[in-house]
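Letters A, B, C, D, E and F mark the chains as written, and numbering starts fresh at 1 in each.
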Amino acid sequence: MNGPVLFVTRKAHFNAAHKLFNPLWSKEENEACFGKCANEHWHGHNFDLYVTIKGIPSVDTGFVMDLKKLKVIIENEVVEHLDHKNLNLDVPFLKDILPSVENIAVVIWERLEPHLPANVKLHKIHLIETVNNSVEYYGPNTPF
Amino acid sequence: MNGPVLFVTRKAHFNAAHKLFNPLWSKEENEACFGKCANEHWHGHNFDLYVTIKGIPSVDTGFVMDLKKLKVIIENEVVEHLDHKNLNLDVPFLKDILPSVENIAVVIWERLEPHLPANVKLHKIHLIETVNNSVEYYGPNTPF
Amino acid sequence: MNGPVLFVTRKAHFNAAHKLFNPLWSKEENEACFGKCANEHWHGHNFDLYVTIKGIPSVDTGFVMDLKKLKVIIENEVVEHLDHKNLNLDVPFLKDILPSVENIAVVIWERLEPHLPANVKLHKIHLIETVNNSVEYYGPNTPF
Amino acid sequence: MNGPVLFVTRKAHFNAAHKLFNPLWSKEENEACFGKCANEHWHGHNFDLYVTIKGIPSVDTGFVMDLKKLKVIIENEVVEHLDHKNLNLDVPFLKDILPSVENIAVVIWERLEPHLPANVKLHKIHLIETVNNSVEYYGPNTPF
Amino acid sequence: MNGPVLFVTRKAHFNAAHKLFNPLWSKEENEACFGKCANEHWHGHNFDLYVTIKGIPSVDTGFVMDLKKLKVIIENEVVEHLDHKNLNLDVPFLKDILPSVENIAVVIWERLEPHLPANVKLHKIHLIETVNNSVEYYGPNTPF
Amino acid sequence: MNGPVLFVTRKAHFNAAHKLFNPLWSKEENEACFGKCANEHWHGHNFDLYVTIKGIPSVDTGFVMDLKKLKVIIENEVVEHLDHKNLNLDVPFLKDILPSVENIAVVIWERLEPHLPANVKLHKIHLIETVNNSVEYYGPNTPF
């Protein structure tokens, strides 16, 4: 297939509780490292998620991918599992993973990547925890 | 004191966990009413708080109130008690209060109002839970 | 019912085409008055709609009104009729109404007001056409 | 004239330098009161200005007021005098006025009010200095 | 020329009507593919456009390029042709192009690229259709 | 160290005055080039600064870097030197540098880069002067 390569981004969001807590450490070690984010009773965030795919627009539709379909994949694979959940307790695919925004972004990539059609590539997961903190992940082959 | 009356607003924020859950009801009744907001393991939000006061600017300073002082009052009376906390479990002044955004706004008014200087009035508490949902409270004398 | 009165706001949005055009005027008169907004082939906007209601939170739920229900009313009465529509051609309840943002806001009030529960009052329709232009409507009894 | 009363808002902005400094005080007194805002070499802001007028939409146009005309009034009376200016030094109508955001808002009201057409009223000046600080002014007859 | 390479971005915007409609397909095929975006009477959006160029700041001015000049190029080549227009009907350079946000971004690149000075390169067209949907285009040599 | 490479961004901000003025040129030459940005009495902005680092999350913490520590570095090396300052007069490390947003971004990179821990790399300085103008800098090895 020929034509220009474009990057297309779809936004989603979820509201969730979590705590930053390493179960191999004592409560004091966790507080020393994570500060108030280690509060044993949890805190939470409104997470904004931007999923970017890469591809060549179809001559018939002008679309890299039908975003209504991408929306459904993000809902089914990510949002319905994370929205209004406790990221430490409620999510099977986050079990044994410390739910930092970095680790959540990597898991979201792994959840979405197998469900995309063959003619597009997953390009970026951009996950915003607060207006001050966010992460971007470009997949497992990103060089350091 | 004479002069124009202005409304001055200071922003603060806090990230917290909560659930909407009436302890007098069964789990099923809570889920029927509150839906996913009743998740027993909590969820959370980035709350944005806008506090508006009303007064006449000082001739000496041009200020209705020194916002550095208002910031300290909001930090001491509200933010340090709510930020990175569980609103159902961790906050003495929310004990026995269902932490809906409406009820939190009323409590924030009650916390701040006694600490303001005599020459200003508390005008509004604007509390934003998500981009879709927010409340405004103008104090106990607001007519229906 | 006793208790504090709060104002609760729910956001919605719709993307629509319109033109500003008075059918009683010539094309030249329309262009002289409305400028590029009179383009006969239409233009369009992403409209953001904020609906504010007023009431006393329920002791049982902490809610002035269940916002899931308000969302459904706004969807059924407003968004499904305006989203991805031509406001001059496609909307029966805008027939013979010049679709300025002012007139649309008044019609939205009239559409929503009869569907609210008896214990709340519709307080404000805030309709944002662009980051530069918006209107607020507080109902037919607002004094000039 | 009969019909619904609406509030219409137009946004403008200006980037300016200022310092908070009372010339009747010593440098030390200014620093004690205004902190880093008293820096003798100035600091600056991107000011966002929202001007709200009130009126009844015209049957012919659907407009409370042609916002292209309101834009010109705001440009001529406010923005061209304040944008890329030093608010302490460059603005004749701010001479002898301490340029706090409160005082600037009052002066903006006084500049705009005489230029509005007879069928609308100036309702509010909303001036945003930073995401954390803003003021609203509803005119000289606002009760405390 | 030596020195650090920077990327500089200028924002513009335009409000336009369009529909997603393939004239080679039946009305039913268009609706099956494009859903409500195929509404024959059009819909519309506020488009935000971010144009990024790349270059080395001048020693004399500190500028990669005078953004006042970039603003004029964007106005002349893009905004005046798209703002308050129907993207299917009114734009000669979009004739026979299905006006998806992907295709519009490619055309904007092609319109701007020949007008930039020799010492800068066009780097990216970022076109935002709604808060949920946007595209980025880095030019015809982007590898898939 | 093995594992996925992520990009983590922390936001800061500062409010400052500056003017664009080349001291080797006459006043008229400066005005011809820089327009109103050359106003001899300064103007100012709310600058938003986004600092992006790159690294592999720690297995123990889930963090690429403790953002509380990155925040302190940004405060100590950048914000306390630029906030509420005159960028032409008050900042030793901007002496003899024309304070365009491009040049400021390069200096911020140079200030931060030596203070980051060995396991992360500074990736990007994104400096926003107004909603219309911003720059991104990826370091001295960026190819043109």
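Criterion: a contact is a pair of C-beta atoms (placed from the backbone, for glycine too) under 8 Å apart; a residue touches a chain by one contact, two chains touch by 3 or more.
Since we're looking at a predicted model, the values are computed, not measured.
Chains that touch both subunit B and subunit F: A, D. Steps from subunit C to subunit F, taking the shortest chain of touch contacts, total 2.
Checking D-F, C-D or C-E against B-D, more than half of the residue-numbered contact pairs recur only at C-D.
Among the remaining chains, F is positioned farthest from subunit C, on the basis of C-alpha centroids.
Distances between chain centres, each the mean of the C-alpha atoms, put D farthest from subunit A.
Where the sister copies subunit C and subunit D meet, the same residue numbers recur on both sides for under half of the interface positions. Look at where the CA atoms of subunit A average out and do the same for subunit C: the two points lie 34 Å apart. The geometric centre of subunit A is 28 Å away from that of subunit E, both derived from CA atoms.
Among the residues of subunit E, those in touch with two or more other chains are 131. Chain pairs recorded as touching, per the definition above, are A-B, A-E, A-F, B-C, B-D, C-D, C-E, D-F, E-F.
Note for the complex: subunit B touches subunit D at residues 4-11, 52, 54-57, 60-64, 66-68, 121.
The part of subunit A that touches subunit F in the complex is made up of residues 20, 22, 24-25, 33-35, 97-100, 102-103, 105-106, 131-140, 142-144. Here subunit D touches subunit F in the complex through residues 15-18, 36-37, 39, 41-46, 83-86, 89-90, 130-131, going by the rule given at the top.
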